[in-house]
Each structure stands twice: as structure tokens, then as C-alpha cells.
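Working notes, structure below.
Each chain gets a letter, A, B and C, in the order it is written, and its residues are counted from 1.
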Amino acid sequence: MSSRHALVIGLLVLTLVLPAAAAAPPSRVPANVLVFGGVISDSISLDPAEAFEFASVWVANQIYDTLVDFSRDFTRAVPKAAASWTASADLTTYTFRLRPGMRFHSGNPVTAGAVEFSIRRAHRLKLSPSFIVTDFIKAPEDVAATAPDTVRVRFSQAMPEVLMASVLANAVTGIVDPAVVQRNATPADPLANKWMADHDAGSGAYELIGWSRNLKIELKAFDNYWRGRPPMGRVFIQEILEPTAQLLALQRGDIDVALSLLPSQVAQLTPQSGFIVKKTPTFSIRYLAMNVGYEPFRSRQVRTAIKFAIDYEAIKGIFENAIEVGETIVPAGMFGHLPDRPYSKNLDRARALMREAGLERGFNAELIVSTEIPLPDVAAKIKEDLAQIGINVDVKVLRSADVTSTYRARTHQFVIARWGADYPDPDNLAKAFADFDSRVLAFRNQWDHPVKQVVQAAVKERDQARRAAMYRDIQKVVLDEGPYVIFAYPLRQIGMRANVRGVDPSPLNITYDFSNASK
Amino acid sequence: MWSYLVRRLLLASVAIAGVLVIVFFLSHVIPGDPVGAILGPQAPQDLIDDLRQRYGLDRPLYEQFVRFVERLAHGDLGTSLATKRPVIRDLIEFFPATIELATASILLGVVVGVSVGVISAVTHGRWIDHAVRFFSLIGLSMPVFWLGLILLYIFYFKFGLLPGPGQLDVFLTRPPFVTGMVLVDSLIARDFDTFGNAIHHLWLPAIVLGSHALVGIARITRASMLEVLGLDYIKVARAKGLAERTVVFKHALRNALLPIITVIGIYYGGLLEGAVLTETVFSWPGLGRYATSAILSQDFAAIMGVTILIALIFSLANLVVDLAYGILNPKIRYE
Amino acid sequence: MSRTATTDAALLAQGARDRARTRSLMWRTLRNPLSMIGMIIIGLLVLVAAAAPLIATEDPLQTNVAERLAPPSRAHFFGTDTLGRDIFSRVIYGSRISLRIAILTAVIATVIGAPVGIVAGYFRGRLDDIAMRVTDMFMAFPRLILAMAIAAALRPTLENVVIAISLAAWPAYARLARSMTLGLREENFVEAARALGASPPRILARHVLPGVMSPLIIQISLDMGGIILTAAGLGFIGFGAQPPTPEWGVMISEGRNYITTQWWVSTFPGIAIALTVLGFNLLGDGVRDVLDPRLRGRIGA
């Protein structure tokens, strides 16, 4: 019997010891290394002509230089690879003079020929972000090197400076090293798009060391960067899918910056505990759209009644305050934003409007929404709100792909959706929301309003004050008559250790530029 | 035996072909727009049409199927819509991480599970048996994703005993790609720091993924041991005064192995299932996550590639189990 | 696999033959303290599900943003979630959903699986071959992944979760029913019925089906825990029920982001799932133990 006991105890000890042997001290980030925790698994390619996702665009921005950059307030362009430029009188043609002495990571000089090659390459590849180029530059030949340090870009329309920057500060026009591209080209892939997916041909602040998909992206400081060598020798962007795991990693000191924390987690990061949080608006909009093709929504009174029935403050709560409440189509912080907020929950007004429309007995409507958190909860809240004015909402939660295809097919009634500015100019939003002819959101919701003519004129307007006034008018019309209930401008909040400097989020492509990051 | 093997292989290929047909039509019948899903709601229509044409998604369904079969015959799984890379390359990149995790899990499950099972059997009917069974049942009852989160919180965050999500500390460089398995590759490269680090990273996900297999193995071991311990020859051995250790390990355990091995094979195939959830919680760059995102974005080529691979492994695991069963138990003859 | 199934079948047939034993089986199952605990848990679960409106303190869907993420208190026993909904009431109502998923899945899978298995096993030949190849096909795939594909093909709703899991689960029941039938068709009473000129449908319905049912029910009770876990897993990765449905898997998924700060959001639904599955597992284990010592563990595999 005693030997049987010994056996039992022995085996028990064995099972207990096994996991205990796993103990190891947690590793910390070395001083000259910066580690971001975020989600990179949706990235398809780091080729600047193809990068189109959250992380890939941001990283491509660090590897490749563009001709110009935005000023921090997004009102004008500032020099980057181009030291200076001039514009033709009609604002269609820009001539750029390159910064002298710039080099690619390969050691080759950055020339006007390289700029010409890069933008033409993006134009020809016709990949996901290419419309940012092709919408404004008709043919590849419209970009031409006129001297070793001079590039001329001819646009297909008048381009106020911010709009010009929307194209030429975008990573899609990042300057690639033609020699490196040509060396890695194959007959099937003459522009080396496949090779470029995870290799480097840039001149930016960081060189790409490697990209293990779903795992990490590794960057190294470029010694000969024109602004000087970045202080951080290495930068890693580590895939951490779960926001909770990002928070844990940040608090344990395994990462320096957490990119996709949730609002409630952000609240835990206090300066006392050694962390700071930086916030920024994102130039995007969350909204509820009504398809005017659906009979009840044809009535302007009904649309307005719905705008008065929704509890905007409650929705802000559902987003855990990580939004700004705003009701116009040009988000706060962007040129021309109209800060009007005429709507708040007012059931009497809403019911009166429903009576005016002859629909005091209500109607049924289907609302489609994607599974993305917390949108189903927002939908549930909207259902609750609209029930109070007699509208019986049937919420259908679908995969985002299905929401998008239904929305595109214009067969929805209500849909909850998001629009992020492709470029930081009100033209992008005005076109989408108010210009039926550009066949985007106004088209999808079958709302064809004469205000589209103002949209088409505003982009050509050269006088900034007058242009701003035109966008304010457009916003007013959409606010009063449009088929959209805009309930939020989402914020981005990133958490970091208090000693991290130079990582500043911006409304566009998250963290802008971290070439000056240090800690 | 050989004719049995050939027959089994034939049947397995018929089954896999059937699965392929079902999954192909199922995934293509789904109303939805994979190209739109990948390009997002803001992409202009002409870009979508262009890409759809490039991937042949505008062709009739039967034509797409014929093309798929033709390509498959040439060993080409097509190009993933989501990663824009050949599916075969994605599988080669992501599958080893899953194999590594699944193998670690099953090893853990076998070592701990068999020990626990033996303890339970030897102390049959007494409190220690009840306690072990009760706790193992609790383990079996925990949703793996919840268990993962809790263990991560306790071991990583609260006590810092184990590293967080991921396969390696981020600033360690992966060893050169040979097998794709970090543990194996780091040994080949003689990079023992990386090897040690990878082991530490493996513990939590392996425990979580292996927990159900562990309990299953423990139960089957207990049952099987009890059965054997009740047989006459064990009683004889005990009566002869052999040491308990000898009786348990040399006589009983060896004869109890048969069902244990069966169940190990079955669980190994089944770990792919848990991998989907475990890999999500631990940011593990494996096949489970690849499969999830492929299904979510209706990435046809990727769905088909994953289907083929999983069906192959599952069938193979079943075949191996059956063969092992026959080898270990000569009483079974193959028709 | 078929080999193990056949051996099991013979053994199971032996166990199931003696119907008189059924009552003593239940008695012996409940004498085991662990099974007793399982029985109590399941009993409580059924009670809670039936009386949910009486037990719950609030409407499980009623949001109250002002009281969001409140810790457990006398007003909210389990605290509130991100929308200020009462977690206690949601957990209580969640028991209905989990039970419904488990029972519906079991019923659908049996309704598909049993006839297929019985017909295949009784008539053998071509029919049997085809049926077995079809089950092979389904069984060449892990259940969760098959369910994911089906749930994605349909739409992420509760009903479709049931359909998806049933479609993934029926082949196992068809296999079991078939191997039981193989044994039963050689039995004296079946042969006697045949000799007396009973038609095949009559034989199948009157003599074979009852013999197949009890092992099937045992098998299903063993699988219940697994079904609930699969459904929760689907909910967790977004293929299953959708918010604001108070499904436990979805609730954990929603609460997982608060695990470091508001532990109660995911902990209580987690405990609810674990307890429920534990109850089914304890009970199933007990049944299996009593049935036949040599059978222990093998059915579930």
C-alpha cells in the first residue's frame, strides 16, 4: 500500500512541477528599440502602390517619402521630398523641385526620374489605393521629370493646395527606387509588385527589415535620412489581436505603445501609473442612412422625425465616449467643418413630424448592421428610440461584407455605416454624401439633390473663404434634408509609456510619422 | 493489410473530394461580395469590377469549378483574395505554427493526462479519484477562449510567470525558415535563446489548447486502466507479490495503451478545432486564424486550400489510428 | 473508426437489450455522488430556464447607459455590462438560449441521423455504402470549422447556429444508429417479426428504433456539453448569436475586453457555461460508468 501512495504522490508532483518549470522573467524592451502593439494581420502588401489598410499605409509612410506632407492642421502642404513648388494659374499643374542630396536606402540618389517612375507605376498597377491617383491624374504621362531635380504633375482638374497634398502626400505616391524595382521585376510582374509586398525600395526614415505575416513588422533606422537618423535604432510593430492583451503587454512593459485599446482600457492608463494617452479625431463619420427608394423615407418630414428621435448622448455612451457628437458630414478638425448640431432627442417634435407626414401610425423598416462591436448595440438602441415614434425596426446583423454588398446594391432600408475620408479635404465627404453623380453614398441612398452642383463647383473654387462657405452650405442642406443621421465622429486613442516622445496620432493614417520618436 | 490500406486511402480520397465539392458550392452560393468585402465600402465600383474579373469571379459557377479542378490537378490552389499570395504559400507559412502548437498540446495532454488517469485508476473510488475526476471535468467544462483569457491574466499579467501573446518575443529574430516551426528551426540554427523563448511562449496556448485533450486522455486512461487492473493476470501478479510500481506500469499500463492511443489520434485531429479559438486569444500566427478570416471575408481560394489541408489531416489521423489499433491488437484482422 | 464502432455496438447492444435495467441504471447513476451533483445542476438549470421571468430582476435587453459597468451590488447581483444591462438577468435568460440550442441541436441531429443510420444498417448493401461515405465526408472535418462554414453561409443568427451544429453533428449519430441496427437485425425478436411477415417499415419502427433510441439518448446526453461549448465558441468568434442576444458565449466575447477592469462582465457568463457543461459532463460520465465498465470512455471518443 505504501508503495502505491508513493507512486500517487510521485505522479502528482510530476504534474504540478511541469507547468512550474515554465516560469521565466518577462522580457523588457531595450532602450533603443520601440515596440508598437497593434493589429497588422489585415495588411496585404507594403508596396506603397498597394498598401491600403490601417497598418500597411502607416508603415509604408515610414519607409517611403512622398513629395509633400500636410501641415499639422491640414490646411496646406509642407515640403518633404520636394523642397519647393510652384502652381500654374489655373491650379492644374504643379512643378516640384526636389530636395538635394536625398538617397534611397540602397544608396542611389532620389531623382525626378524616380518620382516620375513611382507615380506612373502606381497609376499602371491599378491596385486598391490607385483611385487616389487616377481620380486626379488622367494618364501616367501627366507626371514627367523635366530636369534631374524637377517634376511636373498635370492634374485633370483644379487642385487647391490641400487637394494636391491629398494625392501627393498619400503613401500611394511614395517614391520608390526604380533600380531596385527593375532588379526584382519578372516578365509576369514587370513592376515587381509581388516582391515589393514585403521588401524595401524607399528613402524614408526607416528601412524594412522584415515582415512576418500575422506576427510582426521590423524596421531599422535609416542612417542617411534627410532629416537625420531617427533616434530609435529599431522599431517593431507586433501583432496583438486582442485589445486586452495589448493592454497587458503595455502594462507589463513588453510594448511601448498600444494602438488599438478600448476606451475603458484607456481610462486605466494614468500618468501616475507611468502611462499617457494621446487622442485625435479621425476624419471619419458613423451614420445611419435611409434609402430614399423606400417609400416612407421619401418624405423629408419622416427623415427629420428620425433625426429628432435618436438619443445621441446614449449612443455616445455606447461608444464609451470615444467619439465626438457631430451631425454634419465634414468632421471636426477638417477645413470647412460646420459645427451645427440642431438635433437632439425630442419626441414631441419627432411625433409631430410623423403626423405631418401622415405616418403617425408608424411603419416597419429593416435595419442592417455589421457585427463590428459596438454597432449591434447601437442598432438595438436605435430600434428602442424609433419604436417610440411608431417605427418598428427589424435589426439584421450581418457580416460587414454582406452589409456592404446590400448597401451597394441599394436594396437596404436602414443601414448603419462608416465613412472615412480618403483624403483630408471636404471635397471627399461632400462628393460621397451629396453628389449623386459621383455614384457613392447619395447614389446608394437614391438621394438626388440639386446641391450636387454646389459640390461639383466647390472643388474648383480657388478662394479659400468662398470655398469654405460653399462647403458650409452643402453641409447645411445635407443636415436639413439628407437621408443621413450622423451620430458620431470617432476618436482614436493610443496608449503609451510616459517616456515615449514623438509618437503623435493624427486624424489621418493613425500616427503620422514617428521618425522623431524617442524614449 | 495492404489491400485494406489501399481501400482506406481510396475511400478517404472520395470523402475529401466530396468535401471539396460541398465546400466549393457552399462557399460560392453564399450571397455576398468577396471583392467588395476586401476592398471595403469606399472603393469605387470600377475597381471592384476590375478585380472581380481578374479573379474570374464574374464567370458562371460551373466554369469557376472546372477552373478550380484544373488548377488543383496541377497542384495549384489559386491566389488568395485577402493576402494576394498563392494559397499554397500562405499555408506553408501558417500551418507550421499550428502543427507546433498542436503537437505541444498533445504532448502535454499525454504526459499529464496519462499520469492523472493512472493516479485516478490506482486510487479508484477514493477521494483522490473523485477529486481528480471532478477537477478534470471542470477543465473539460471551461470554454477554451475564456480559459485562455483567464490564464493570460493570471500567469502573464498578475504574476509575470509566462510571456504574453505571440510566438516569440518581438525583438528576437525568427530563425531561418526550414520547417517553419520555430522550435525546430531554432534548434537547426543552434539558436538556443530563441528556442528557450519559444518554449516559454508555447506554454500557455498549449495548456489551453491541450486542456480538453488532456482531460479526455485522463478519462480514457483511467477507464482503460481500471478494466485491465480488474483482470485476472493482474490479480495474479499482485498475489505473486510484485511491486505495485511494476504491476501498474509494466503490466497494466502497457495493456491499457490501446484505447489511449486511439483517443490520442482522434484528439490530435480535433485540436485544429480548438486552434481557431486559441490562436485568436494568443495572437498565434497559425492556420486557425487564417481559416477564420478566410471564411469571414469569403476568400474562396483560401477557404478551399484550408479545407483540403484539414480534410487531409483529419483523414490521415483517422487512418493512422485505425492502423495503430490493428498493429497493437493482433486480434483485429483487416478485411 | 468503423471497427471501434462495431465493437462498441455489440457491447452497447448488450447493454441496451435489457430494458428492465433502465430503471436500475438511473438509480445506480444517481447513487454516484458526482452524477448526483450533475443531476442537481441540470435540474437547477432547467428550473431557472423555465422560471426565468420570475427570477430575473430586469428585462435582459433593457439598456441603461447611465449605469453602465456597475460592479455587483444589491441592485445588480452580477453587475451591469457596457450598456448598463443587468448581467444577472441576462445570465438567467441565457440559460434558455443555451438549453434551446442544446435540445434543438440534439433533436435535429437525431431526426436526421437515426433514420439514416437505421435504414443503412438494416438494408446494408449499396444504401449503406452511400450513407457511410456521406458520413465519412462530414466526419473528415472538425465540427467547429464545419459549423463555422455553414454559419457563415447562412447568416449569423441563433437558428443558424443550431442548423450548423446539427449538420456537423448528425453523422456521429447515424454511425451509432447504424452499428446498433447491425446488431439488432440479427436478434431473435427481429428475426421472429420478419418471419411473421412484418413489413420492413414496421420492423424498423416497432422493433429496431426503440432499441436504437436509448444508446442514442445516452450519446446525446454525453454530447450536450460539447454542443453548448461549440455554440459559445461560434458566438465568441462572431459566427454565432449576435448582440444584444443574451447568449453566454457572446456575453463572454463582449466582456473579454473588460477582464482586467470589470471582471464581472465576462466572469459570470463564463461560470454559467462552465457549470452547465460540468453538469452535463458529470451526468454523462455517471451514465457511462454504470452502463458497462468496459465501455467507459469509449463512446465519447
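Structure notes:
As a convention for this text, a residue touches a chain if its C-beta (ideal position, glycine included) is under 8 Å from a C-beta of that chain, and two chains touch if they have at least 3 such contacts.
Predicted model only: the values in this text are computed from it and were never measured.
Every chain gets a centre from its CA atoms, and the centre nearest the mean of all protein CA atoms is that of B.
On a Cα centroid basis, the chain most remote from chain A in this structure is C.
When the interfaces A-C and A-B are ranked by C-beta pairs in contact, the top one is A-B. One inter-chain figure worth recording: chain B and chain C are separated by 22 Å, centre to centre, where each centre is the mean of the chain's CA atoms. For the pair chain A and chain C, the distance between C-alpha centroids works out to 44 Å. Look at where the CA atoms of chain A average out and do the same for chain B: the two points lie 36 Å apart.
In chain A, 242, 244, 248, 399, 402 are the positions where the chain touches two or more neighbouring chains simultaneously. Those residues of chain C in touch with two or more other chains are numbered 152, 238, 256, 259-260.
Among all residues of chain B, those that touch two or more other chains are 149, 153, 157, 280, 296, 298.
Across the interface of their complex, chain A is touched by residues 31-34, 36-37, 39-45, 47, 50, 82-85, 93-94, 108, 111-112, 115-116, 118-119, 122-123, 128, 149, 152-153, 156-157, 160-167, 169-171, 173-174, 196-197, 199-200, 203, 207, 243-245, 248, 280-283, 285, 289-290, 293, 296-298 of chain B.
Across the complex, chain C meets chain A through its residues 61, 63, 65-66, 68-69, 82-83, 152, 155-157, 238, 242-244, 254, 256-262.
The part of chain B that touches chain C in the complex is made up of residues 11-12, 14-16, 18-19, 22-23, 26-27, 29-30, 130, 133-134, 137-138, 140-146, 149-150, 153, 157, 216, 219-220, 222-224, 226-227, 230, 259, 262-263, 266, 269-270, 272-274, 276-277, 280, 291-292, 295-296, 298, 303, 307, 310-311, 314-315, 318, 321-322, 325, 332. Every residue of chain A that touches chain B in the complex is listed here, in rising order: 3-4, 7-8, 11-12, 14-15, 18-19, 22-27, 29-30, 33, 35, 41, 44-45, 50, 52, 126, 128, 130-131, 194, 197, 210, 212-216, 218, 234, 236, 238-242, 244-245, 248-249, 251-252, 254-255, 399-405, 407-408, 417-420, 422, 432, 439-440. Contact residues on chain C toward chain B in their complex (touch as defined above): 1, 3-4, 33-34, 133-134, 136-137, 139-145, 148-150, 152-153, 225, 229, 232-233, 236-239, 249, 252-253, 256, 259-260, 266, 270, 273-278, 281-282, 285, 293-294, 296-298, 300-301.
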